[in-house]
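Just below sit the structures, each encoded as structure tokens.
In what comes next, chain A is part of two complexes: it sits with chain B in the first one and with chain C in the second one.
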Partner chain A sequence: MDLFLTCIVTGVTFGLIYALAGVGLVTIFRTSGYVSFAQGDIAAVALYIGIAAYTADVPYPLMALIVVGAAGLIGGLIGGLIVIPLERHGLLTAALATIGVGLTIQGIENVTINPEPRAFPSAGSRAAFDVGPVTLSVADVTAAVVCIGLFIALALFFRLSRTGTAMRAANDNAEAARHIGLSAYRLKGLSWVLGGALAGVCGLFVAPAYSLSPTSVNALLVFGFATVVLGGFDSVLGALLSGLIIGISTNLIAAYVAPGAVNFGMYVLLLGMLLVRPYGLLGQRPLERV
Partner chain B sequence: MTTLSVIDLQGGYRESVPVFSEVGFELDRGAIGVIGRNGAGKTCLAQTLSGALTTTNGSILLGGRAVEHLSPRARVSAGISLVPEGRLIFGQLTVRENLEVAVHAAGRGEKRIAAMEEQFPILGHKRSMRGASLSGGEQQLLAIARALVQEPTVVILDEPSLGLSPIAVDNLTVALRQVLDEGEVAMVLMEQNGELLTGLCHSVLLMDQGAITGTLDMGDPADQDKLFESYLGV
Partner chain C sequence: MNAHVETEPVTAPPRTDSSGGLVAQGVTMRFGGNTALDEVGLTLPRGEWTGLIGPNGSGKTTMLNVLSGIYVPQAGRTTLDGVGIGSLRPGPRSRLGVVRTFQHPQLAESLTMWENVLLGVDLRRSRDRRGRVASAEDPVAVARKVVDIFGFTAYADHVPSQAPYGVRKIAEIARAVVASPKVLLLDEPAAGLSREERRELIAALAVIRDARPDMAVCLVEHDIRLVASVCPTIQVLNFGKVLASGTSSEVLKDQSVIEAYLGKSAARLNEGTTT
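Coming up: the complex of A and B.
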């Protein structure tokens, strides 16, 4: 029973982080219609900047802000200068460009800095409180609270804010958006800044567990991608729900089946979902007149 | 001051290949029509007026101010809104969100949305429905309302009757007549539907292969006959 409860609680804490990684992808997808494969690499650069600041005795909270800000800035630059301009050649070209950008970043990191894995500081390893048999650390609780707060904020932003509605409009019909005077470039650029910043936040939570190397935070992308496929590409709430499902189910598989079966189990889950509900748990099936 | 003056205008999809040239007209109030066959250059003219295509020569004066160098966004703020060909509403957004996003893009207040829902009650009833679920005629009303909430002084309508049933065209004529009678906006109406043109416009420009070949006075029954004879094969 204790093992089962442990799986559930750690599953929830990890699931929230997966979900946040998924929301970073949703944010860019909602304005642009494709997924950014450079999220992990954007986070990695920001985390290297963060670790440099931390070694120079910058306190953790300030370092965390620097990481999030840097990730947002890098995301905005990559989106605004490279990926969005490439959209004129098609969305597939733009999506592939994000892979190219990611690999380029990894290459630059490998030659300019020591690519050996380094330990990354966490928000605090002290015990915060117990949930059943599991003792949650300060870092676990911080991650959960920040994730939930960001979810609520983002869901409200997309649903209620003017900019959020405009972002959905630009994705729905780019030509119409231009005719009524929306600047698609500005809206897409903003989604890249947001998506980058979210990648930075996720990076802060996963880097202490995975340590930091040019490729280690890319695990973020795998789980984030699984999350949006399961939850629906355009749904913030879907990402939350599916992040939790993936977090809990992968923990259960690792504990009761075999740790090596985690990825297998996750892909079975994804394929099953694609067969039954191709738009995901809460994804909107696009309405069309025929 | 004339509301809209178009002087010696030239435009096209590529700078080196003009689709229309030497187009000129003045619009003070009411509606002016532009009739022409497919490929005559109507859509190109509409999009050059709205800023979606660049002006290669000539000028567009809105209330005396030159706007031909402005982006579509800046022209919407200045007071030119477009109802694009094929409606191009936001299908995945609700009716209400379609109007809100237009208001915000123009930097106007939301008070006109309520007025528009009163004028076109169907948009009020279907406020929370997604745009794609509306019928063709309702979508056209939504596209027109989306332009009008931007509080323009001139609305360019590009073939609003396209793909609509005869009854929907009648309803459209009534709705646009109502808007014109309020006197707050002037309209440039690109059309092939003679009924809509005679019902709304005081004069109609004949457009053929990118040039204005004549002007018909809709107050003159002889000119009305000429419109139907020469362009509609009646």
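Coming up: the complex of A and C.
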């Protein structure tokens, strides 16, 4: 029973982070209609900046802010200068460009800095409190609280704010959006800034576990992608639900089946979902785009 | 198409301002070897409703696409209140106050009808901010009133796919109206509407005309009766050229207009039955 509870509790803490990675993808998909494959690499650059600041004795909270800000800025630059302008050649081109940008970033990192994995600081490894048999650290609790807070904020943003509504409209019907004076470029650019910043937040939570190398945080992308396939590409709530499902089920598989079966289990889950509901748990419409 | 022009044309109200509005001169638009518009001029003065009619393929919608910035014509000049806007694309043009609707309504499908209408309010607010105008009326309250006048309050919280076609069309017009544009371009607002919806549309347009006395409106429409009942002036296009232009009663009596709609022999026949 203890093992089961452990699986659930740690599954929830991990699941929230997966879900947040998914929401970063959802944010960009909502305005642009494709997924950014550069999220992990955007986070990596920001984390390297963060680790440089940290070794220069910048305190952790300020370093975290630097990482998130840098990730938002990098996201905005990549989206605004490279990917969004490429959309005129088709959404597929733009989506593929995000892969190219990601690989380019990895290449630059590999030659300019030491690519050996480095330890990344966490928000605090002290025990915060116990949930059943599991002792949650300060970092775990911070991650959970920040994730939940961001979820609520983003859901409200998309639902209630004028900018959030405009972002939904811009992707929905680009023609209508243009004629009612919405600037698709500005809205998409904003979604890239948001998406980048969210990748930075996720990076802060996963880097202590995975350590930091040019490719280590790309695990983010895998789980984020799994999350949006399961939950629906355009649904914030779907990402939250499916993040938790993936977090808990992968833990259960690792504990009761075999640790090596985790990826297998996750892909079975994804394929099953694609067969039954191709647009995900809470996706709004069938995927007809990239 | 109703060519028996048995309408009671409205009389032209006095022009509030003849200098402003949207003016297009010498617009020529070719697609390959096909000339869709041949040196067409159109003046939409502030405060005036102008009907743009013509047989199928005469270039009405092409003209609207030129005015709203979708097409860039090979020749011609377009000005808004005397300022050239010919190089502006639809987005900037709408932010200057030229707003249009489409024959097939273009609504954001995941937004409710009310949220769609609010996009028009956003456009108005951004224009007010840019022009540093503090509007006397609350745009959201105006939008609520417009939704009420247009009679789709019941569908306000539904997404467009759950609403009848007529309601979607009317919602798109409402969205354009609440943006409080200087120039409103309506592309076949009555097409696809039932008789009942048509009547409601005409009533709603009349309310809008009274509420926004300085708005220039261009109405492209097949239903000549509808055009004549809301537009004091009419311009007729045929084969991409201006065939006639003037007050609606003059234009609709014009022999060449009747011929363009019915063909020569039928026009003669039509004359025979009415005289």
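Convention: the second predicted complex is superposed on the first by the 285 of 290 C-alpha atoms of A that agree within 3 Å, B and C clash if a C-alpha of one lies under 4 Å from a C-alpha of the other, contacts with A are read in each partner's own complex, and residues count from 1 in each chain.
Methods note: a residue touches a chain if its C-beta (ideal position, glycine included) is under 8 Å from a C-beta of that chain, and two chains touch if they have at least 3 such contacts.
All of these numbers come straight from a predicted model, not from anything done at the bench.
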item: Simultaneous placement of chain C and chain B on chain A, clash or fit; value: clash
item: Which of chain B and chain C A:T165 touches, first, second, both or neither; value: both
item: First, second, both or neither for A:R126, with chain B first and chain C second; value: neither
item: Chain B versus chain C as contact partner of A:R88, first or second or both or neither; value: neither
item: Common ground on chain A, meaning residues reached by chain C in one complex and by chain B in the other; value: 162, 165-166, 168-169, 172-173, 175-183, 284
item: Complex contacts: residues of chain A adjacent to chain B; value: 162, 165-166, 168-169, 172-173, 175-183, 284, 286-289
item: Residues on chain C engaged by chain A in the complex (per definition of touch); value: 68, 89-91, 94-95, 99-100, 102, 106-111, 115-116, 118-120, 122-123, 126-127, 175-176, 179
item: Residues on chain A engaged by chain C in the complex (per definition of touch); value: 162, 165-166, 168-169, 172-173, 175-184, 234, 284-285
item: Sites on chain B touched by chain A in the complex; value: 50, 52, 72-77, 81-82, 84, 88-93, 97-98, 100-102, 104-106, 130, 132-133, 136, 146-147, 150
